[in-house]
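Shared chain: chain A. Partners: chain B in the first complex, chain C in the second.
Up next, the complex of A and B:
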């Protein structure tokens, strides 16, 4: 039987690695240079965090961190599919960033109390940088929610499209009951999910985006939301899709977007195994 | 977007110096973006921003410091004062006088 700590470390590391890779694709393409630098730095932070986690995993697993990051088959990656979604619209990236970083913050805070010493120490370092990610994500959340109408509309739609996949960040882990009973997980993924949902639900509610969480049924009608530019937007304008369950990533079942990402991310490693920078 | 000027202190004991400029929507975004634009390599321990329009230039800078000779106001105008004082003291002594410094 494999070490139950591996399923936790693969989930955490792969989320950071794949999201970091996706964010790095924005480098040079962000709408303005200052934000380009900020988002690129966040991408580098995520990849650095993946490396810290894979260093710990390497001791358990036996493979070196590069082999773990780049030498696995697509079906062996355990990231949530939210992290592999393509960069279509900047609003969608910022929506995923906001949903993800709150989720990451909830689980990292919980893991500060883990009985797994090496992980606990890595988490303390990661939280220092994740604080900036959260500030950045929240700042964009408030600004895009505040309008003008096109920004608010696109951001609301992006949040609605991403929310189901974001919930799957809390898909149960293999051997989770063992992880909980050994105190490696001080709290389980279901509790993390509930804490995250309460947190983002409150923020969505504050900006009149509560319909993002209403995955079923008709849009609420008649509610008019004034934006910073004084334009009035009816919430009816926000297109809502029923979120797909978004689950499967923790079992290695990915969306069609994973393989192209994997091919590019691992191209050099596959062509020249063991190459060094 | 507005232009913000970014200042840094290398350590808390160093003076504030200009690090560069950034564009941002508002003050909060300026504070968030300044650090990744100008402080990615450990340039400083403090980062300050101010909206460019809140910086005000002194008018007529060409007359700053004066346009006539006022070298006596400069520190180097006092070079050799000790030697001068010594010389004058000795000359006075020859005349039977002394300089008292109260």
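Up next, the complex of A and C:
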């Protein structure tokens, strides 16, 4: 049986690795130089964080960190599909960035209390550095939400397109109940989801973007149903809210955009196994 | 007999490759030094996890300690996290000498980071992301020079 800590580390590391790779594609193409530097620096940080996490995983898994980052088959990556989406337009990248960084902040803050010492130490470093990403994402959020009509419209649309995929960042992890019972996860992915939703919901409301959330499928019914023990409880407590789109990443099921990214990201590693740089 | 203090003294000569006026001991990068008869172990703290100079720093540290023991092991560790509280006064002077404004000792980066050229505190942050992960890009409204600031990572 595999170590339950591996499913958590793969999810965290792959989100950072794949997002970092995607963001690095902006280098040289961002509308202006300061922002080019910003997205490139953020990409660099994310890949460095992936490396920290894969270093920890390497001790559990036995494979070296490069093999873990670049030597796996596409179906073995556990990133949420939000992270692999093509950059298409700048507003979409910034929408994903904002949704992701708030989600990342919620889970990292929770993991500060993890019983898993090496992870807790890495998380302390990551939080100190992710702060700049979050400030950057929030600055763009305010700027585009207050911006000229076209900017506001495109950003709002991008948020609506990305939100379902962002919710899937909180898809349950393999062996999550074991992780929670051992204190490796101080709180579960469902609680993270709810905290994130409350946080971004408040910010979306403030700028009049509340339609971003209501555009997502049917609201929960909260219908009362009997359970196997004959008690009545609301469906809200039984049925985990399933993201309307974008789930599957944590099981290794990816969108059609993953494979081209993987082919490029791993090209050198596959062509020259064991190459050092 | 070589002591940890000797090793630290040797490491004081190692400069940050991206801030050549500044020693890695003044930057607080050297965390722990353990010395035995045949072995020296040195734990370093990255200022930022994504710092591209890490490999160069590691190599320079190995080089600087080479003559002190037959076996040297240098590694980067995550704990404790590096923060600006690890900088000493010499680091502040060395940063200024290189044209980088040292970090403020309080959170809140919007005001009163002084310009390393004219000393004015009429400066603004243009971007939190500079040429390296540890630096920001700022602008001085008095002498109208762009300059770099050290991030207040803490």
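Please note the rule applied: the second predicted complex is superposed on the first by the 248 of 277 C-alpha atoms of A that agree within 3 Å, B and C clash if a C-alpha of one lies under 4 Å from a C-alpha of the other, contacts with A are read in each partner's own complex, and residues count from 1 in each chain.
One rule holds in what follows: a residue touches a chain if its C-beta (ideal position, glycine included) is under 8 Å from a C-beta of that chain, and two chains touch if they have at least 3 such contacts.
Being a predicted model, the structure only gives us computed values, none of them experimental.
**Q** With chain A superposed, do chain B and chain C clash or fit?
**A** Chain B/chain C on chain A - steric clash.
**Q** Does the superposition put A:107 against chain B (first), chain C (second), both, or neither?
**A** In the superposition, A:107 touches no partner, neither chain B nor chain C.
**Q** According to the stated criteria, A:250 is in contact with first (chain B), second (chain C), both, or neither; which is it?
**A** Neither partner.
**Q** By the touch definition at the top of the document, which applies to A:136: first (chain B), second (chain C), both, or neither?
**A** both
**Q** Please tell me which partner, chain B or chain C, touches more residues of chain A.
**A** Per-residue touch count on chain A favours C.
**Q** Go through the superposed model and pick first if A:49 touches only chain B, second if only chain C, both, or neither.
**A** Only chain C is touched by A:49; chain B is not.
**Q** Where does A:124 make contact in the superposed view: on chain B (first), on chain C (second), on both, or on neither?
**A** Only chain C is touched by A:124; chain B is not.
**Q** Going by the contact rule set out at the top, does A:37 touch chain B (first), chain C (second), both, or neither?
**A** both
**Q** Check the residue A:22 against both partner chains and state whether it touches chain B (first), chain C (second), both, or neither.
**A** In the superposition, A:22 contacts neither chain B nor chain C.
**Q** Looking at chain C, which part out of 25-33, 61-69, 79-87 or 115-123 clashes with chain B after superposition?
**A** Superposition on chain A puts chain B right on top of 115-123.
**Q** Intersection of chain A residues contacting chain B with those contacting chain C?
**A** Looking at chain A, the two contact sets intersect at 34-35, 37-38, 41, 132, 135-136.
**Q** Given the complex with chain A, which residues does chain B contribute to the contact?
**A** 1, 22-25, 28-29, 32-33, 35-37, 40
**Q** Within their complex, state which residues of chain A touch chain C.
**A** So the residues of chain A touching chain C come out as 34-35, 37-38, 40-42, 44-45, 47-49, 51-52, 118, 121-122, 124-126, 128-129, 132, 135-136.
**Q** Give the list of chain A residues in touch with chain B in this complex.
**A** Counting only chain A, the residues touching chain B are 32-35, 37-38, 41, 132, 135-136, 139, 143.
**Q** For chain C, which residues are in contact with chain A within the complex?
**A** Residues of chain C touching chain A: 48-52, 78-79, 81-83, 126-131, 133, 137, 151, 153-154.
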